[in-house]
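You will see chain A twice below: alongside chain B first, and alongside chain C after that.
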Partner chain A sequence: MALRGDIYRLFESVVGPENISDDPAVLRSYMYQPFGAKEGVWADISPAAVIMPSSTEEVVAIAKICNRYGIVFKAMSTGWGMHNLPGVEGAVSLDLRRMNRILEIDEKNMYAVVEPHVICMQLQVEAMKKGLNCHIIGAGSNTSVLASATSVVGYGPDGLSMGFSGRNLLGVEWVLPTGDVLKLGSLGADSGWFCGDGPGPSLRGIMRGWEGAWGGLGVFTKGAVKLFHWNGPTELEMKRTPPNYVLKEPLRFFKVSLFSFSTIEKLAEAALKLGEAEIGYFISRLSPSFVGLQLASGANYVATWNTGMLQQMLKYAFLFVIFANSEREFEYQQKLLAQILEETDGQTSPISETKEMQEQTSTAVIKVDAVVRSCFRTTGGFNTSFGSMDTVDLAMNQIKAGTELKDKYINKGVIMDDGGDNSATLAFDQGHLAYTEMLIMYDHHDRDSAEGACQYLAESNQACLDKKLGPPIFQISQIGKGKHGAFGPACFNYDSWLRKIKGEFDPNNTSDPTAYASPE
Partner chain B sequence: MILELKDYVGDMKRCARCSLCKWPPLAQMKSWRFSNNCPSIARYNFHSYSGGGRMALGLALAEGRLDEITDELLNIVYRCTACGACDSSCKYNAELEVLWPIYSTRAHLVGMGYLLPEHSMIIESLRKEDNTMMQPKADRGKWAEGLDVKDLSKGEKAEVVYHAGCLYCYDPELSAIARDTVTLLKEAGVDVGIRGSQETCCGSIAFQLGFQGEFIKFAESNIDDWNAAGVTEVITSCACGFGIMKSVYPLLGKEMKFKVLHITQYLDELIKQGKLKLSRSLSMRVTYHDPCNLGRKSETYVPWKGEEKKVLGQFILREPEKIVHRGWNGIYEPPRNIIRSVPGIHLVEMERIMEYSWCCGAGSGVKQTMNDLALWTASERIEEAKSVGSEAIITACPWCERNFKDAITEAGDNLMVYDIVELVRQAL
Partner chain C sequence: MMNPVREYRKCEIADKRQLEDIVGADNVIDDPTVLEEHTHDMSFTAGRPPVLVVRPKQAQQVQEIVKWANRTLMPLIPVSSGPPHFKGDTVPALGGLIIDLSGMKNILRIDRRNRVAMIEPGVTFGALRPEIEKHHMRLMLPLAPRVTKSIVGSYLEREPILVPKYHWDMSDPLCCTEVIFGTGDMFRTGAAAGPGTLEEQWESGQAQKNPLGPGPSDLFRVVQGAQGTLGIVTWATIRLELLPSVQKLFMVGCERVDEIIDFVYRLQRLKLGDECLILDRLNLASILEQDAQSMEELRSALPPYILILVIAGYDRFPEERVDYQTKDIVEIAERYGVHPVTALPGVDSRKLLQALSEPSAEPYWKLRYKGNSADIFFLTTLDRCPQFVETMGRVAGETDFPTTSIGTYIQPIQQGRSCHVEFDLAFDPNNVMEAARTKRTFEQASRVLMQEGAFFSRPYGMWSAMISSQYAENVIALRKVKRIFDPNNVMNPGKLYF
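Our next item is the complex of A and B:
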């Protein structure tokens, strides 16, 4: 649905002619996303225009025009995933790419203030220069810092030591769906960015709650995030080692290990004990398939997989990384780890000590730069399931349910045979919370595969309800428009709260509700 | 034909839309300021202007999903220096072809009759005058007037032919470098000749703009001429010429009885053999700019032909296994070796180097047809050179040098620009 000429010109007057387009070629490129659980890669609905504001003031002006003329808007930062696209006809996309500045790194108070299009890697390299580091979500360092902090989930395996994006968020500048600007936390009391919860209003729960509003509650234009101590060099030098770049020199007091366990219960026990011990930098389930794909070309991977070696070595495994501040602390953490492994019958996987594994994994753990390699390279299509954040035990139940369900679809041949258990991630916040996703790879250009993936995702959602495994992370917004309604009754009718929030903050329903909720 | 959009549908379909094409390989990112790798997306910002955006449009074209070819589509397709940075960054993780689908999209549009008028002028100049500079063919050999060098087009014989390339032949400021190059080679005892007014364009711009018929004509003609001249080596100091001769000429299937070398490779060897002695000290802090066509784009391209098989359910296995061109095997060390051989000189590296080097902005006809994009891109590189405290930027391509000089003049800057041959001449 085309935008009326006079309205287009109003937007144009805000951002300038070079920063708005309704050209079919531009719009078509924005409709491409490989996550679709249906055949093909194109979203059904085209934005009416793409607008690129460069400041809060421009976002405000755009939101006000939208409210005046009943135009729905949807903002995106890096734009990876179907949830970035408008779900209604006639909506405009706000591509926040021009809002890409790191506004401040406060070394003393250990936080950074960023705009929406700053990616994790940009922040990390600047933070490291000051002896600091930032949490990077599991999707990779090519994603927006602000988006995961304000709007979309925010878990990553370094969360063991660096928390969860939603918790790491401090002061926020928020352009509400109406175009009004709300400043949260200390920023709201004109006291700087240092705190998310006061002095000044704390609306963290309303603003994002557990998983964020996925762009359904306006636009977050600036935000401060916590930074953490970095004990490595201020710049990490790399060398080429096919297929990736790896650290030129190993880091001091840094140790990557892959452990395997005889049962999933033992694995869970070890994860819990490690959390209680409050040691470690990074922890994640790593499936045999995920590890194999990190290290090998396609043909080599298939050949290795067919020997069964990977599956045998890494059946119930996780990757654990120690990164200590001193020799003494390093030894302490290693001793504790050894004790926990002894108590849980954990074994160091033979693959763990190989040069390839050490080099590539060390880099991937810090930089989180190789996710695409394991998730998209094999089939082109990727999606994920389960993922409610709760306890380690619940995460294990999600893995069991997901593996059982996936086996059915693997046996049908419609999704990639990755051994079934291709769960990623584990505990965060020093083990106080846990989380896992069950990954699937499929060919989104193959009708049977795409439909199979779609059925799996629907069934996995149902399993979350039937087995009381918590709301799934992605499916609510990705394919299951309105899935909040399905999970609400099972979870204290939270969906009615979302609708009330939406009604209060967005009376004209201007901020695209598709991935969030419509007013009651 | 070499460029067929349908050959890349598999790659385009598997674009993850992850935006890795917009950044240097993430592990190689060193600062926020210089964290872009693609001039096009950095300048125009719409996702469409990235490697991934162009893949999406290429796929839409191949699948007949675009109802009309708009001017903006042509802008998206051509406001790109085809520097290949997107390609190198993608292959670090996803191993997809990105650059060749861009070339192929251009060829597809040319095949449909959609051309930019400015590009038509370049191609007309090629057809009529054998050069892309819209200059008379008869003047091509003027740069070498007065040089005591063999002219192979007149039947003289030499072991080595020096191919100057269009820009060195016709740019009066730069043609001195071509003269210096020949002089250097002669001083080192190399049996070198040129083809004077009979030298023709390498076809690089025609190829990159999607005019593959024109490209093939010029490439085949050059191969035939060099074979007929009986030379064992073709040396060029134009990185664009070198890149196309190394990476694409072999795909034509014609026997090439000669080796293609860039002047930096040749000079590096001559210095190592002691045939050129750099004794004069040049006290200067310099940085080196890797030309895209000498670096990541100079690997001989091997298009994947084979069968995609589904194994392990939906795992798409390519048989035979695809050769992944990461740009890691470009010519990176010879120019650096030469610079380090100059007494007194201090070489400092910029943040974006080698296979993730930032483009100078001149490539793929952009300098001739979209000079604003070319100059903006160059200005970004100049800022990067200055950020490491460099007094001069050294390069090994006339297009890079021309564009840097123009950008510096426009900005009123004082950074010096040298071709590596100029540096060697000064140090002798």
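Our next item is the complex of A and C:
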């Protein structure tokens, strides 16, 4: 559905003609979003136009025009999933790529103020110059820092020491669906960016929650995110060429190891003990398949997988990284680690001790830059399931349920045989929180495979309900009742509160409700 | 003030009977002495007497009371801690009904494996601490809370805890809650929302630790900091930490706060140490000594400001943990030109460690010096603390308030990214002139500090009016939130911006 010419010109007057387009070829390019659960990689609905604002003022002006003329808008930053596109016909897409500045790095108070298209890698490079580092989500270092803090989930394997994105947000500037601007916390009181809560009740409470509003409640135009101490060099020197580049020199007081356990219960015990011992920089459950994907090219992966070696050696394994601030701390952490491994019969995998693995994994751990290529490489498409956050034990039960369910689809031949258990399990806040998501690889150019993936996702979501495993990470249009329709009634009807919030803060339903909720 | 709740000055007999049907006759109190006790607190807040006090014992009773209030438009003022109260938030602005939650004091669950406890709002720090310690865990405490202080109340107020490394987010250590909104709807926040009953969730390995959600909502955050204006929490889960088996106390004395700020920044950045706070000599003396004379004696022996740092070892190699951290901290201290010591003249280290790990002995430490204290507290960053300390002193000079009666407390929070700053103005409540001067100083200092950028994140009493004029867009947004969760404004009307 095309935009009316006069409305198009209004938007054009805000951003300039070079920053708006309704050219079908341009719009078509936005419809290519590789992460989804459908046949093909193309979204069904095209935006009516794409607009690229460069400032808060321009976002405000666009939102006000949308409200005046009944146009739905949907903002996106770096996203690579179908959920970044409008879910209704005639909507405009706000591509925030021009808002890509790091506005401030406060070294003493350990935060950075960023615009929505600042990517994790960009921030990490600048933060390291000041001896700081940032949490990077599992989707990789090419993703928006602000999007995961304000709008979409926020899991990342360094969460053990650097938390969860949704809990790492400080002051934030928020353009409401109506075009009004809120500045949350200390920012609104002109006191600085250091706090996102108050005065009084915290508006963060309606802003994002666990999973984020997915662009359904306005646009976040600036935000302060927490940074953490970095004990490495101010600039990382690399050798070899991308994507196979690795750290030129090993980091001091840094040790990465892959540990395997005889049972999933022992793995869980080890994770719990490491958490409460308050050691470690990074922990990530790695499935045999995922280790193989990290290590090998596509063809080599298949050959390696078929030997059965990975499955045998790494059935229950996790990657654990110590990164200490002093030699004494390094020794202390290693001593604790050894004790915990002894108690849980944990074995150091010889794979992780090779020079190649040390180099490769150390780099991947710091830069979180190898996940995505691993996910897409073998079959072209992937998706994920389960993913609710609470405890290590919940994570283990998510693994068991997911593995059981996946076997059926693997046996049908519609998703990749990755052994069933292709889970990423992470811990946050020194073990206080944990979660698992279960990955599936499928061929989205193959109808049977794509349909199989969709069926698996629907069935896994149902398993979350039936087995009380928490709401899944991606509910969007995967369970047949629309967003929140299945889990709202099972979770104290939270969807009805979302509709009330939407009614108060977006009475014209202008900010695309597809992935959030519509007013009552 | 938001409508449509009405002012209540007296209780109809029918009202009382209906409430008796809900909570039982013994739990509906109209004794004038009890009502009078709720008409004021230790703050300067003026109030009106409540018409009744009700004491529910179960969440279902709380829910029925809230629904009843929506029918009758009776204001409800939830109170979970015992007296004395200091902030005016539990003083009725319009009369109404005090919901005294102190009888809901069940410890519902202690989960060592997942380091979490589930408690009702009447559970105090004093009551829970020994139970937790049986499981070799500890609670995160604010600075020597009064013995009657509700844990849920403290965490809902976002009171700062003493160990900054455990304060990852502003909402910590609060996890999930069960809340009765002002509409009368029951809700569970975070992972507790479901799917499944609590028992089913425990069966699937959950422990109600994730505070976020359900979905794209964090409704516990709107209840937190709301001073009872949006709902009533009927239980909460809270994070616990391992109980130290070894502790070592360090102190750094200094003439001015700015001498130790950079050192504190470094410690927090490296997550070194456990308890970390700065007190001035009045507050340290108030915490350690029982009477004014002993306090004066100790104070005269102390430096003006004291950084208190505790290093702890837990279950595994505790001595070695303390040893490596001690050595690292000493090295850092040398670089910053500060001198941590394990003893200061007059300070009993064991007594201080004890004071940091349990509720205040009676009388409550803020009452020991002069009988009352008017506390000004706000958030800022550590580097700005010296400026605010100077401002407080300047305003005290202008109002002739004796600087020797000002206690100072600086608490790093959010792992050092910001801090709670508190000026405790000690005064004799029985001296009319002194009380008036304190009130004048409190008001003037609050205004000046806010103008200079102090963030009053917990705006009690007069602060909410100051915030309203400065923070208009957010107040409008918060009133929308109020309309959603308490459309009839029955929850503690007249507080905050409602």
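Heads up, the rule we're going with is that the second predicted complex is superposed on the first by the 506 of 520 C-alpha atoms of A that agree within 3 Å, B and C clash if a C-alpha of one lies under 4 Å from a C-alpha of the other, contacts with A are read in each partner's own complex, and residues count from 1 in each chain.
Operating definition for what follows: contacts are C-beta pairs under 8 Å (C-beta built on N, C-alpha and C of every residue); 3 or more make two chains touch, one makes a residue touch a chain.
All values derive from a computational prediction rather than experimental measurement.
Asker: First (chain B), second (chain C), both or neither: which does A:462 touch?
Answerer: neither
Asker: Of chain B and chain C, which one contacts the greater number of residues in chain A?
Answerer: C
Asker: Tell me which partner A:13 touches in the superposition: chain B (first), chain C (second), both or neither.
Answerer: Neither: A:13 stays clear of chain B and chain C.
Asker: Examine A:262 and indicate which partner it touches, taking first as chain B and second as chain C; both and neither are also allowed.
Answerer: So A:262 meets neither chain B nor chain C here.
Asker: Identify the partner contact of A:490: answer first if only chain B is touched, second if only chain C is, both if each is, neither if none is.
Answerer: Only chain C; A:490 stays clear of chain B.
Asker: By the touch definition at the top of the document, which applies to A:369: first (chain B), second (chain C), both, or neither?
Answerer: first
Asker: Is A:449 in contact with chain B, with chain C, with both, or with neither (first, second, both, neither)?
Answerer: Touch partner of A:449: chain B, not chain C.
Asker: If you lay the two complexes on top of each other, which residues of chain A touch chain B in one and chain C in the other?
Answerer: Touching chain B and chain C on chain A: no residues.
Asker: Any idea which chain C residues touch chain A in the complex?
Answerer: For this pair, the touching residues of chain C are 113-115, 158, 168-171, 186-188, 190-191, 193-196, 200-201, 203-210, 212-227, 229-230, 239, 242, 265, 269-271, 314-317, 320-321, 324-325, 327-328, 379-383, 414-418, 450, 453-459, 463-464, 467, 470-471, 473-474, 477-478, 480-481, 483-484, 496-497.
Asker: List the residues on chain A that touch chain B in their complex, please.
Answerer: Listed in rising order, the residues of chain A that touch chain B are 18-19, 21, 23-26, 28-34, 41-42, 50, 52, 78-80, 95, 97-98, 102, 118-119, 121-123, 125-126, 140-142, 235-236, 238, 240, 242-246, 297-299, 302, 305, 363, 367, 369-373, 375-380, 382, 410, 413-418, 441-443, 445-446, 449.
Asker: Per the contact definition, I'd like the list of chain A residues that touch chain C in the complex.
Answerer: Per the touch definition, chain A meets chain C at residues 108-111, 163-164, 166-168, 170, 176, 180-186, 188-192, 194-214, 216-217, 226, 229, 272, 276-278, 325-326, 328-329, 331-332, 335-336, 339-340, 388-397, 429, 432-433, 464-465, 467-471, 475, 484, 487-488, 490-492, 494-495, 497-498, 500-501, 504-505, 516.
Asker: Contact residues on chain B for chain A in the complex?
Answerer: 13-20, 23, 25-32, 35, 44-48, 52-57, 59-60, 65-68, 70, 72-73, 76, 92-95, 310-319, 321-322, 324, 326, 328
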